[in-house]
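Each structure below appears as structure tokens.
Below are two complexes that have chain A in common, paired first with chain B and then with chain C.
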Partner chain A sequence: MRFVAPKVLQALFVVWATYTVTFLLIHALPGDPVLAALAVRAGDAATTDPEVLDALRAQYGLDGSVLHQYVTHFLALFRGDLGVSMATGYEVSDMVARALPKTAAVAALALALGFAGALSFTIAAYLARPHWLRSTISQIPPLGIAIPAFLTGVVLISVFSFQLGWFPASGANGFSSIVLPAITLSLPTGAVFYQVFSAAVFEAGDAGFVRTAQAKGLSQPVVIGRHILRNAVLPAITIIGIQIGYLAGGTAVVETVFSRDGIGRITVDAVLARDINVVTGVVMVVAVIYAVTTMIVDLLYGVLDPRIRTRVAAKPRARATTPAGGADA
Partner chain B sequence: MTIPARIPPRRLAMPVAAVAFATVLAGCSGASETPTSDTPDAEPAAVQDVVFALKEDPTCLDPQQTSMTTSLNVGRQLTDSLLDQDAETGDIVPWLASDWSVNDDATAYTFTLAEGVTFSDGTALTSDVVAANFDAIVELGAAASLASAYLGGYAGTDVISDTEFTVNFSAPNVQFAQGATTMSLGILSAETVAASAEERCLSLVGTGPFVLDSYVVNDSVKIVKREGYDWGSELRGHTGEAYLDSVTFPIITEASVRTGGLESGEYDLIQDVPYIDEARFAGDEYHLYAAANPGVPNAFLVNTTHGLMGEEAVRQAITKSLDRDQINVLTGSVSGQAPTSVLTSSTPGYTDLGDTLAYDPEGAAALLEADGWELGADGIYERDGEALTFTVTAFYAQDVLEAAQIQLADNGIDMQINMVSAGDFFGAIATGDYDALGAGLTRTDPDVLRVLLSVDGGSRWAIAEDDELEALLQEQAATVDTDARQAIIDEIQQLVAERAYVIPTLETVQLHASSSSVEGLTFDSAARINLYDAVVVD
Partner chain C sequence: MRRLLNPVALLSVLVLAVTLVAVIWPALLAPYDPFDSVGTARLEPPSWDHLFGTDALARDVFSRVVHGARLSLLAAVLATTAGAVLGALIGLVSGAAGGRVDFAVMRVVDVMLAIPGILLALIVVASLGFGAVSIAIGVGLGATGSFARVMRAQVMRVRNEEYIEAARTMGLRRPTILLRHVLPNASKPIVAMASTELALAILAVSALSFLGFGAQPPTPEWGSLVSDGRQFIATAPWLSIMPGSVILVVVLAVNGVARNLGGNR
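Showing the complex of A and B:
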């Protein structure tokens, strides 16, 4: 419990801080969000009649003082009420519920592909001889983050959709529609995983216990599997939280290129339309996911690496057992 | 004030995509032959299902509420209007109303409905339903801004019988006849009209040649043929049901994916071909469809109460310093033409004012010099230490503004571009804080000039403060006689162009493309698509 409570508080703080920063940023922007939303809906027939605008402002909960809005909108979050999209008229919670599974499917596959790809490259690089081959292999994964997702996406569409016809170029129907977007996103994700993996693996590879294992005559696969990879997995798990944050942004590009409905797409549309209820809603949902994932990773870290759990837990226990300890000594 | 980046991001994306496609498509010349259907039948055109890629989510399908082109392109297929308008001649002909008349001061329009028309839910089209439609539009107000503008001064509908009714206005409303031809005043079923604004956006029932099958937000729209449809207007190419069995509209936001998909055969039709890609689809394998938006072309809409825009000589010098043909070559569609009036060439009532709007740099210089302006050392005119500069506020068509900016600079006029978001554009209108706006206004009636310029106009973006013009704008709106009204509209166009309240830059063209196997796509008078006559051929 002493280990868990601070992590939960930390997660709550992240959510509150995100809300506050988002709120401040949105309200610091010049311009009228109601007009922006009207411009989307009505195009060149948008009205600028002040009375109509005031009525709409009230309808979308944008009347009253800034402090009043800050408090009411924050409290509404706990009821799951994210407000109404001004540009489309839909409930924000409905939009998020509609889009989130589609984005999650792509992100999950991208994460898995990126993880698997990074692992393969790491092992290949570790085993590669001579040195120039190892260097060459090591240089490939960073390309994944160097090439913009937009370009990767367009190239994949041209080859696998238009030319070969294996996967659809657009839409969010069925597994086949997930593949190309997930591959596109897995490249930068995998590149980041690779950096962490390879650093850990090469470090472990030089460590004494590996040399000992090799000296004992253990086979190469056993050494890699049992002694090296286990040490590389921990840092990789640590960055999953960061990766999820990245994926939330990366889906914006991928969902636009692949014309998929999803969190990234509605965020882009909402930002362009200054649809502040949607922007806030999406940011909050992503913040909660991020905070919860980071919290779980933190807790998992403790499970996987007993040193961490003991380190945190040890301090209070040490204080509580001082007399006994003293007696021992 | 934001100083805009020289290259808009979309333009930047285009060459990147083009390179990608060129590399990949190089080895597959036969790619565009791929049939879209799974069953390549021996019998030609047995399959009448087409895929039509849209450029954006329609957001709201209800044609009465939306004024988004993409949405209207879908809504037009689902709804019919009381009247129809010949896109070429501007003549207004019967459609759902078999007969109609207007009183002398354009305050009462009496319609007789065609017999046997039903909505796709089986209910009959009656006077009561039409009355409920108009009442609901007025009630929607700002949510149906375009439709309610056509119904300006609406004072209720008197139902005379099941098939006869009179629409009343508190003040003359000449443009209503034209408005009644648009999908904005398309007629929806009683049940649809009674639903909430949000519900109507997602699901609607009309009398049109197609019926809404499904709408998955941000993904696709599907419409299917209405069985038993037999009330197309005389302007259509055939009678009876539509040829196409179904049209699926996937929403493809990325232009390079739309064009690539048309080439590969994944899509049969695509909306909004980037002008830069026009040449790719000029061959025999494709059809290009182009129609200029009716209304006021893309233009500088000046605010004469702000900065130097109050000086007529300055405004006239600006309009004379613009080489509109060059702007069209640089930024327009090959299928388009340079604007030659303050109305586009596709607008009913358009008059050719090519001479008034001709490129005349000497004339511009003479006007400015007569007004005390002198060329400064930096090549920009000055007077009493003040530079000849003005700012154009806009939220689209930055390339057009940049082309104009270069031309004006060559002629000693400094133009600043203030690219803003759509919301901030309307914010500027609300506060009146701008020299000029860079925008067009799409409407199908010359009354658009009143909407844009008059003190009571719904979109008073150009602020002229000209009593003579104001009187003419009001007069045309109350003149029922077509010839008499046309004479006034000619006079208005001449006056607005001459005094440079509206300084046209480009006629925006709606540019769509299809594979050569699809024929018969037509445009209505508002440059929106009509798929009733469209057919798949072999």
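Showing the complex of A and C:
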């Protein structure tokens, strides 16, 4: 139990802090959210009647003092209440709940593809003998971060939908419609996985126990499977949080390219409509998913690697960070 | 200097030089006006006359890409600079102050790192409105956290060096020591990091402009050129693929130079 409590607190902290940063940002930046949303909807003909505006502010939960809003909205989070969309009038929580499964299906397949792809490249690079071949292979996965997602998506659509006709170019009907979006998202995900895998595998490859295993005459596949991969997969779990960041960012572009309904599409439409309630709602949902996943991973890591549990009191674990520092792409 | 001789770095520098020309003097590279149609040739495939083909309004796509470089790249440079300066400042203050201030500031930075950069940018764009400047502010804010982290680590390292000790013994005031002695010695990794972040900023800026939050038509911008072409993807895929590939090549070139900057440390 002593191991669990701090992790739960940490997750709560991330959610609270994300909420605070988002709230501060929205209130510190100039502009009235209600006026902005009205202007997008009605152009310059938007009403400026103070009574109407006050009524709208109350309806969207944007009335009262800043402190009042800050507290009530945060408490509402725990009831699953994310406010009302200014553009559509729907409950934000309903919009998110409807969209989340569609996004999750793509994200899950993208994670799986990225994981498998990164693993294959890692093994290929590890086994490649002439030095130039190894360095060529290891140059390829990092390209996954450099390729803009919209370019990948457009190329995939034009080849596999319009020329070959294998997959639909848009929509969200059945498994075939999630393949191309998932491949698009799997490139940056795979690149991040590869970074961690290859670091771990090449380190393990030089370690004493691998030499021992080779000297014992174990076959190459056994050495790779039993000794090296086990050391590679464990650190991969710790970067799931970073991956969720990439997926949350990438999904906005990917769902636009493939005209799918989902979290990303909702967010983009909300920003286009200057619908601050929906944008905040989506950010909070992503933050909760991130916090809970990180918490589970931390706990799981303690189970998988007993060294962590005993070490936790003595020395804080180094956090896995990418040099890229987040999901800017 | 030996490193500049490697072919990847050389090619990268060459690409960036051409890109720089496009930013400063686009008319030198662009054969046509980016806003006017070049006749009746609509949706023409790439040819020697029109390297990237023509769009639905019979405009030369290559010329539009060349003219779009300025807005797209300036936004990315602005974002990176803003993120680096703000982040370095936060890291400098936090690292120099130490104690509770440092703890509190770094927890805020942790949160900025936890929120995906693009979501942070979307919040900024939703509240500030559309355009290259708000995109740049949003993307810059998304990069601030990592700069702050690196700067703080550097300040922690430099703080205990002998020359800082010496400056302190000489009776220099704290702000003077920070700006004259700590900052210059701590900022080298920030420069290397800024070049990597620039590549990410180009991607983020073009993604946001692809989503429609950037300059409004007919102003050419790299991301919006890709999204303009998207509706003709069945018949004229080059409209999207060509501008998209230019973004990729420039990002790779920035990365190629960045890796050499980083390696020289």
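Definition applied: the second predicted complex is superposed on the first by the 307 of 329 C-alpha atoms of A that agree within 3 Å, B and C clash if a C-alpha of one lies under 4 Å from a C-alpha of the other, contacts with A are read in each partner's own complex, and residues count from 1 in each chain.
Operating definition for what follows: a residue touches a chain if its C-beta (ideal position, glycine included) is under 8 Å from a C-beta of that chain, and two chains touch if they have at least 3 such contacts.
Fair warning: this is a prediction, and the values are worked out from it, not measured in the lab.
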item: Three-chain arrangement built on chain A, chain B and chain C clash or fit; value: clash
item: A:21 touches, of chain B and chain C: first, second, both or neither?; value: second
item: Chain B versus chain C as contact partner of A:256, first or second or both or neither; value: both
item: Which superposed partner A:138 touches (first chain B, second chain C, both, neither); value: neither
item: First (chain B), second (chain C), both or neither touched by A:30; value: both
item: Partner chain(s) touched by A:38 [first = chain B, second = chain C, both, neither]; value: first
item: First, second, both or neither for A:147, with chain B first and chain C second; value: second
item: Partner chain(s) touched by A:162 [first = chain B, second = chain C, both, neither]; value: both
item: Touching partner for A:52 - first (chain B), second (chain C), both, neither; value: first
item: Contacts of A:276 with chain B and chain C, given as first, second, both or neither; value: second
item: Chain C collision site on chain B, chosen from 40-48, 256-264 or 364-372, when both complexes are overlaid on chain A; value: 256-264
item: Overlap of chain C and chain B interfaces on chain A (superposed complexes); value: 30-31, 33, 36, 150-151, 154-155, 157-158, 162, 169, 256-257, 272, 274
item: Residue numbers on chain C that touch chain A, as the complex places them; value: 107-108, 110-120, 122-129, 139, 141-143, 145-146, 149, 193, 196-197, 199-201, 203-204, 206-207, 210-213, 223, 226-227, 229-230, 233-234, 237, 240-241, 244-245, 247-248, 251-252, 255
item: Residue ranges of chain B in contact with chain A within the complex; value: 13, 16-17, 20-21, 24-25, 28, 31, 34, 57, 59-60, 65-69, 141-143, 145-146, 149, 197-198, 201, 216-220, 250-254, 256-257, 260-261, 263-264, 266, 395, 420-427, 429-430, 439-442, 458-459
item: Touch list for chain A against partner chain C, complex; value: 13-14, 17-18, 20-22, 25-26, 29-31, 33, 36, 143, 146-151, 154-155, 157-158, 162, 169, 241, 244-246, 248-249, 252-253, 256-257, 267-268, 270-272, 274-276, 279-280, 282-283, 286-287, 290, 321, 323-329
item: Chain B-facing residues of chain A, complex; value: 30-33, 35-50, 52-53, 56, 87-90, 98-99, 150-151, 154-155, 157-159, 161-163, 165, 169-173, 256-262, 265-266, 269, 272-274
